[in-house]
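Down below are the structures I want you to see.
In the two complexes below, subunit A is the common chain; its partner is subunit B in one and subunit C in the other.
And then the complex of A and B:
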């Protein structure tokens, strides 16, 4: 395990609490009045499209940006205005930012050198840390002589030698190829389990967030759209934006009508969607939105008129099919519904295949429909044009 | 690059010919002067070489009739070294200042660069007039001469620093800050070591541009000549191969300076990767 910290007053809880944090760059607002609590020892992923403010939040926690308004506490201590080392945070930069003029060992030992630790001791401790990331055999190499994955481990060792209570990772996997990305993803998660400190990881890749995080924070336009456990974000998105961004869902929009304890939506084309639950703010006659998971949809051959099909069914034309191994992604063109996708399990697909141009009917169970918390606004266009998930 | 038939295209021969001509024009004169500087006492300014030896090198430092070469060298060398040091200090500081956008940055940049465009001889006259007539200051190699040389070396130094610092990743500074380095430690432990090769380049430019400078020296160094002016004077009244010997000696000095600079970069990089 790591040696006890030498930094004054930075041991203890790695709980991060942001209260009313706003960051402006001139006229631009990067982060708007964010309230967020990341529990101690959790793996938190901030996910969202470029420019959504996720990196700015990370940099404010790290102390590389100061919030324009609001308060940031780590383990209960107010940290706004403190330099990074006094916060007990360490950051892993997007392109690792290894010092090109120092070899691997001296890169890792840099923090100890700044603290005036004697040469022999800091080298020994750097070697110990390098052994932890299985790079002790490369200690004498220069960063330019390392592969991307090796550079990443050096960056990790250099950050961990500060013995932080919070590790901040800025798109740590984006520079790696697919194979290495999956491997390093597993290693990061394992390391976080072992160390038990708080990891905050910024990414724009949804599967990365879902695979790693105890807590996923979905952001857009400087605001938190939804924060919660990965399965909640994926299966029960709150807003049309989150449903589309995380993938795996079709957003259904229409005019609301409450029926018993449930809610019905009717589109101008005449499709009717029904959910057994409702949302307290949904009003009769007003637009509202629901979501249905792509993998809960069944396809059958044949066209159908909106009036004749009944609720929770739409008819359309197959536009594309994509084999994904365990399932087949079938894209449909349905009047009034943009980007409708059904994920068909492979066994069902091999029993009955569809080709582009086939007329099909898609059906699903009302119990699988999930009511969102607002109407679908035009500005919520799918940021990834349908995605692949 | 080969054609499908395995032969080189005709453009290869044209470009290779052009490059050969370029090399001949670049090095031919230098090599001719180097060889002719070893001309014997009975030889003339042109080939053939008779009784090669060091006659004219002795003449260079021994006799008054070839002019004050030793004195000119004793002024040119310290001048070039002072110009070199000032160019590095000012260009590096200015380069770092320009990394942050500030009000009037472009105006200051273009003001500094303009002296590259102004003809050197005109600048020389202007500096002479300003120093002597406007401020009543003495016109010497170490006053007005130094100022004139800096107008030439600083824009080059600044442009080189821009290129060097343009590749300086801002996250290196943040990483240093993140790892507990103070502002000064960041400069001394991270920034300066990374831009050091660029600083050597600025130093080399500063030295050689000053050591070679004629137009800006012409009227600004006062009554005592620097080396390029001395050589120019000699071409008008010395008609012996001593001129070539002087050419060989000054070129050798330039090469030695460059060798020292490159050698020091090499040694530093070796020490760094060894330090381990």
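And then the complex of A and C:
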């Protein structure tokens, strides 16, 4: 459907490779010595709280920001210092950045105009691209006359007409309402499948990253905390930070003791957590951390003393319940464990409900406990306090 | 019920009163007096005659003065627009630090801390025969005679106008440019635009309102000036307004009034032409 590339000498692989990339703005370091390879044709989501450096990385790939140190390659070509068109990248801006003085057609045709394509041809090709995003009927409108969703499609058409090998999306869905967001999410994924080019998508919403990405890159304070397939990031987070940020996990911290092939953690309160696996760097007597998925926890009524309960069980008080349709999110106050949450399937909930103030015991299976790669530190506090989603 | 009907009128009353008192009334008076008759040794006499207009329009001096004024207006308009555009462009898009931009912007206004007259007089030691420029050029051996056309010439008039009025161009253009979303520039670069392409295709069209407003300021200021022309040209050039001034001096108020009406008509036509090109109202709500 797309015309052959007109970008000067830009064809081929959309593999992005960042090596030792650092970006400083004056005194502040936005991105610290990052190494990252995004395979060709993958949908990659950079996710993290605001100010974590994810947008800076996107802008450096796009060529709107130059790295202070390090090398960026796209399809093997070094691109640092090259303008965006020579990189074969196209960017969709957060607020879409449509030219307010040009109508939809001329917005989309802007790239062709810059390339000196004759008026009739560029209009025809802009209309063709608009038809692709089902906006051909609005070609004569001004951007201010369009809804948010329509503006986004125009921005998409304007980016795609450059026939990029990499499409960069800066929080593309954040300005849309929930319904449109879900629909556009599906469309973006479908488009990426169809085009087969690399998409790099910046978001601060974890479900968006999980739903879209072949590869999720979780960032914090200018560093990559973990990069990998969505299911790995979600089910097997490496660090306490990732476990908290992606949600769905309770972080368990305590003093390590290796037992056979497994690992035990004991908290000062006396709770004991046991995992069948261990981590090579975990040392006896040193603090370490594990994670247990919220939906692998069973609740039963009744209090219990640490020590009397055995491993992989804690007792606490229900502080809040939140009905989520297929499950119920039950927040517990457990001595020594901040923000402990159990997600109870709806059928179990309907069998036995709990109310705030109820004393309950939470239990889980040792095989569901996942050992993290370091101790929990205060600096890893969840930026979204409580970890929604 | 009646109060509700009167209320809107009451609300617009103060503004209406001010406009009536300070715009409509004096303007009406000027228009009325322009049809009066001037009697030698007596002064203005109420009458209804077109003689003042006929006198003015058939006088070669009037035409020369108006032509000269329009010429100055167009030259100054072109220079201030170019200067205002690039200075604003620099302030808005090149100075990354907002504080620096504001500081530089304030520096632009420094000349306004002194009076017009001082600013004009201060050109004399620069442009004069024994002035800074002539001395420097002669010392450098580039010329052996001082350039006479630097001061007391059309050139000097234009220099003074540009000096006095460029800020009136900078302010509205700066304002228009400051409202341009920076990501639009990046979007243009992303689509392969060169720096000049960005200026031509994005910044300029989006600064049109500012340029139009600045142009209206400059047009009205230059068209209404008589002092700068006389001081800087050493009395060699005049302006449309200097004709009015001369008539006022000899108390020929009717002819002065008629001249003022003509001037007003021309300025209004120029302003209308500017607003025809740029629909300021539509672009401001954009």
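Assume the second predicted complex is superposed on the first by the 389 of 389 C-alpha atoms of A that agree within 3 Å, B and C clash if a C-alpha of one lies under 4 Å from a C-alpha of the other, contacts with A are read in each partner's own complex, and residues count from 1 in each chain.
Here is the rule we go by: a residue touches a chain if its C-beta (ideal position, glycine included) is under 8 Å from a C-beta of that chain, and two chains touch if they have at least 3 such contacts.
Note that the structure is a prediction, hence the values are computed from the model and not measured.
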Q. Counting only touches as set out at the top, which of subunit B and subunit C does A:105 meet: first, second, both, neither?
A. first
Q.
Going by the contact rule set out at the top, does A:220 touch subunit B (first), subunit C (second), both, or neither?
A. neither
Q.
On the A-aligned overlay, A:95 touches which partner chain: subunit B = first, subunit C = second, or both, or neither?
A. both
Q: Considering only touches as defined above, state whether A:15 meets subunit B (first), subunit C (second), both or neither.
A: neither
Q.
Looking at A:144 after the superposition, I want to know if it touches subunit B, subunit C, both of them or none. Which is it: first, second, both, neither?
A. second
Q.
Residues of subunit A that sit at the subunit B interface in one complex and at the subunit C interface in the other, please.
A. 62-64, 83-85, 89-91, 93-95, 97-101, 110-111, 113-115, 158-159, 162
**Q.** Sites on subunit C touched by subunit A in the complex
**A.** 181, 183-184, 186-194, 197, 201-202, 205-206, 286
Q: Enumerate the contact residues on subunit A facing subunit C in the complex.
A: 62-64, 83-85, 89-91, 93-95, 97-101, 110-111, 113-115, 144, 158-159, 162
Q. For the complex, which residues does subunit B have touching subunit A?
A. 169, 171-172, 174-182, 185, 189-190, 193-194, 196, 272-273, 275-276
Q) Of all residues in subunit A, which touch subunit B in the complex? A) 62-64, 83-85, 89-91, 93-95, 97-103, 105-106, 110-111, 113-115, 139-140, 142, 158-159, 162
